[in-house]
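Some structures to go through are shown next.
What follows is chain A paired twice: with chain B in the first complex and chain C in the second.
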Partner chain A sequence: MEGEGVLEELVKELEERGFIVTRRGFIEGVSGVKHYFDFIVEDPRSGRKLAFSVTDRIRHEHVLSVLAMRIDTEIPHIVVANEVDPSVQDLLRKCNVFTVSFNKPKFSMLSSLPSKDLKQFTKTVASEILKFLSAIRSAEA
Partner chain B sequence: MLEVVRTGIEGFDEAFGGFCRGQIIMVLGNAGSGKTTFCAKFLYEGARKFGEPGVFINTIEGKKEFYRYMKGLGMDFEPLEREGLFRYVEMLTPTSKDALMNLSRELTKHALECNAKRIVIDSITPIFMLGPSIEARAILHNAMKNLVRELGAVLLITGEMPMGEERIGHGVEEFVVDGIIKLKLEVPEAGAPRRIMEVLKLRGRPLSRAFYDFEIGPPLGLRVYLSGVLEELESSIDIEDKVPSGVEGVDDLLGGGLIRNTATIVMGPPGSGKTLLLLTLAAENTLRGEKVVYITFEEPRQQVHATLRFLRYDAEELEKRGLRILSVNPRAITMRSFYDIIQGFSKLTESKGSLLIVDGINSLRREFGIDFHRAIRDLVLQAKKAGVTTILSILKEREAVSEEAVTHLSTLADNIVELRINDEGQRIKREILVLKARMSQASNMIHELELVDGRLRVR
Partner chain C sequence: MDEKPLVINSLIKGDQVHGYYVEALPRPGVLWKILDVFRKYNVNVLSINFSPTPSPEKPGLIFIVAEAKGLKDVEERLMKDVEEVEEVVSIEREEAKPLGLLIDQYHFPIVNGLGLRCLLTDEKAYEASLKLVKEHLGSPGLALLYHEGRAIGLGYARLLKELGVEDLKDLVTICLAYAKSHGAFKGELIEYNFNPATNKGRLVLRIYDLWECETAKRSGVREPSSHKTRGMIAGLIEGFVGKRASVKEDKCIAKGDKYCQFTVEI
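Here is the complex of A and B:
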């Protein structure tokens, strides 16, 4: 399956769950710098936004740039990657950056995800987003 | 309430209490100002005294040079590395656009692996020189701050200031960091180098005073002087440890002798007995086993030997026993060579319990002009640092030294002994008076100083 197809599946899943999804959108940070993301997901009820990126792997070298975007945009960030270093995952989670990973050797590239795993993949991501937005709603309530 | 992190740096914690966990502190300065040593000391004491693991990311210096230099200053990092309390990361001269990713990798990986509570990036300048915009640098700082907070660490980053440049001028760092410490090495054209630490900002900590003297050297590596160098050095003086003058009666006037590691000025007109008093001090203390250096700007060496013989001492024997006599022509001495002598004597008298006696210090005034007082101050300072007791003689004569000049010098001295000449017509009477004797119960009476059978004594 093509990488583009994976993203489309995700968008579809999120839209079906009632989110407004902007593809390849940007958010202007506090600094004035524009940060580009694969999706920007908005909850129409609360107006809350989430940044959403898809990448191959998240390792130590990515921590500063991921954190930099997260802090400057002031919105939570979900990163989907084939491979996420576990220690980095914990660290980023504490900073409101959520990573969804498939740390299995066979998923070396998103573009090569077989269709049966894609379904699982999109469900996991969507649940992660829902979980997060529910947490925000309860915190606000 | 922010958790206080003590640096372990002597003087710094007493002044500021330390840093706070989660803070980023910027340490700025010109090359050679002591930034690396300050940061190294922070990590070294953190590991040694508080068991906090540290990571040192160096973009300038290799590991071998760093370890060797720090060991020379009394900080041996190898055992700490073996115990897992220290990691040195070479990230030499980042030149590529990947510099920020490399920094992220080294910083995060090592900090997470060893659970670092103290991190140093020395220096951030090469990374910033690669051209990230001010906005990008601000975001990066915020990202680092977030990371450091999550790690529960303190991050020190150093920044280079171009030589001769005083302003910080990095653009954004000074606003986003929690503390700014500026280190300075002042090297005057004439005079001893002086290290100054200026704390410009320190969130959450009181800043009652901004400037502190500090020193780099073994065995501590680095220490900050709380109350100015002279006052701090004096805090270690033992007032019961006294050096006898060797002249009968003089010790009683001084309250038991000269307190070791103090500075004394002996002043008086020509013929009042200054040289006789100083040479007696030199000879008697040499015979007691003290290491004595006698510098004269007044007389040639042969004259010094003759005066010693007049005082019934065997000059050659005294020299064999370790008395060092240096006769220096004041017209031939430059400010630079004067400081070489000062440095030199501290090596000559390396062991504690030594005396430096300088006769005719006023001769330098003509040569050094307005730098004279600073030169004397540095002389006294160096002597005190080396644990040396100093006795200086100065001519007190209206045309030679003004009252103002004597007043200036008196502020540097712990003790002032004045010798006078009283012309009684038939004979000249020498007198001695202790004008000042800090930390001692000195006599305030004028006594006669007489010369009997070639020996001085107080009547």
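Here is the complex of A and C:
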């Protein structure tokens, strides 16, 4: 997918910020079933985890399996996709599954972004993830 | 105990049978009197189903399936004679449906002894549903089955607590018997080690003829396959002890074992 380069940058950025990033890892859910994720990001200070899936598109037929993984792993989940149906995005958001789509106008030019802008973009996303992790921490406190 | 299948007369193939609903007051000898009418007309009774009566003053329902052979000329008189039995309130004939299928249209809903509605589904329907979930949803689908089972288990824990069950061993024993009576599986508790003071323990359950794994085996799955049942066991125990329990299926008929075996860690 066109965003893979972006993800590589994002992983680098997260690692530089002290996160532990596992590529192509499994998380065992409450059910004992092991779920595959493209990236698992862990905050070493809090032990909190975030799971990332990278896929081409997310449509209604994918919602059930994404939610089942979310329920079973009890870990916030971010789906990065080239194409995300807007109504699916809202539906998943309500269940603590976040989507990053490259079909949005602001991301559509990603593949042609100069490297400086790409860096800026990944820094922004990394900051968002940091905010997200701290939001979970305060919600759970 | 050598178990025998219970044939539910809800769907009988073939137009060679007739079905009769008989409402009768529960009195000693009433069944004998009704069946004696069938004997009198030389009609072969193939099966009889009963529903328990709520009180001795209220009529109970009997569903009789008889061989059609020999009924043609005598059916009207036979039904009249049954109706004339002192304790009989009514008799109705269930008409065969197309293809000669005799389908019970009288009993609804199906309830257990606690009055809880039960749903009868043949395993073919479950097989299709399990296959769909596994094939289309992959590992998340298996997790979904587990959580569905867990929700059911939590419900049973709540129900049995309300009924006064206070001991985990009693809870498991009752549920194993309940599962058998509802055709889900035959199970036994082969290891029980639970300390209520620490709320920790380990249980091992051995399960025979588990529908979920039989279905998986028929579909060609060769790995532990009882995700819904595992979830039910987990939910049952978690709902009772108030904490998470891990349930692993160590042995499974789908992968060639003689039985399925579950280890519960609390």
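What we mean here is this: the second predicted complex is superposed on the first by the 109 of 141 C-alpha atoms of A that agree within 3 Å, B and C clash if a C-alpha of one lies under 4 Å from a C-alpha of the other, contacts with A are read in each partner's own complex, and residues count from 1 in each chain.
Everything below uses one rule, namely that a residue touches a chain if its C-beta (ideal position, glycine included) is under 8 Å from a C-beta of that chain, and two chains touch if they have at least 3 such contacts.
Only a predicted model underlies this, so the values are computations on that prediction, with no experimental measurement involved.
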{"item": "Room on chain A for both chain B and chain C (clash or fit)", "value": "clash"}
{"item": "Partner chain(s) touched by A:65 [first = chain B, second = chain C, both, neither]", "value": "both"}
{"item": "Greater residue coverage of chain A in the superposed arrangement, chain B or chain C", "value": "B"}
{"item": "First (chain B), second (chain C), both or neither touched by A:95", "value": "first"}
{"item": "Which superposed partner A:42 touches (first chain B, second chain C, both, neither)", "value": "neither"}
{"item": "Contacts of A:83 with chain B and chain C, given as first, second, both or neither", "value": "neither"}
{"item": "Touching partner for A:34 - first (chain B), second (chain C), both, neither", "value": "second"}
{"item": "Listed stretches 59-67, 293-301 or 365-373 of chain B, narrowed to the one that overlaps chain C", "value": "365-373"}
{"item": "Residues of chain A contacting chain B in one complex and chain C in the other", "value": "29, 31-33, 64-65, 67-69, 71-72"}
{"item": "Complex contact set, residues of chain A against chain B", "value": "29, 31-33, 59-65, 67-72, 87-88, 91, 94-95"}
{"item": "In the complex with chain A, residue positions of chain B that touch it", "value": "100-109, 112-113, 133, 135-136, 138-140, 142-144, 146-147, 150-151"}
{"item": "Footprint of chain A on chain C - complex, ascending", "value": "137-144, 146-147, 150, 227, 230-231, 244, 246-248"}
{"item": "For the chain A and chain C complex, residues of the former touching the latter", "value": "29-36, 64-69, 71-72"}
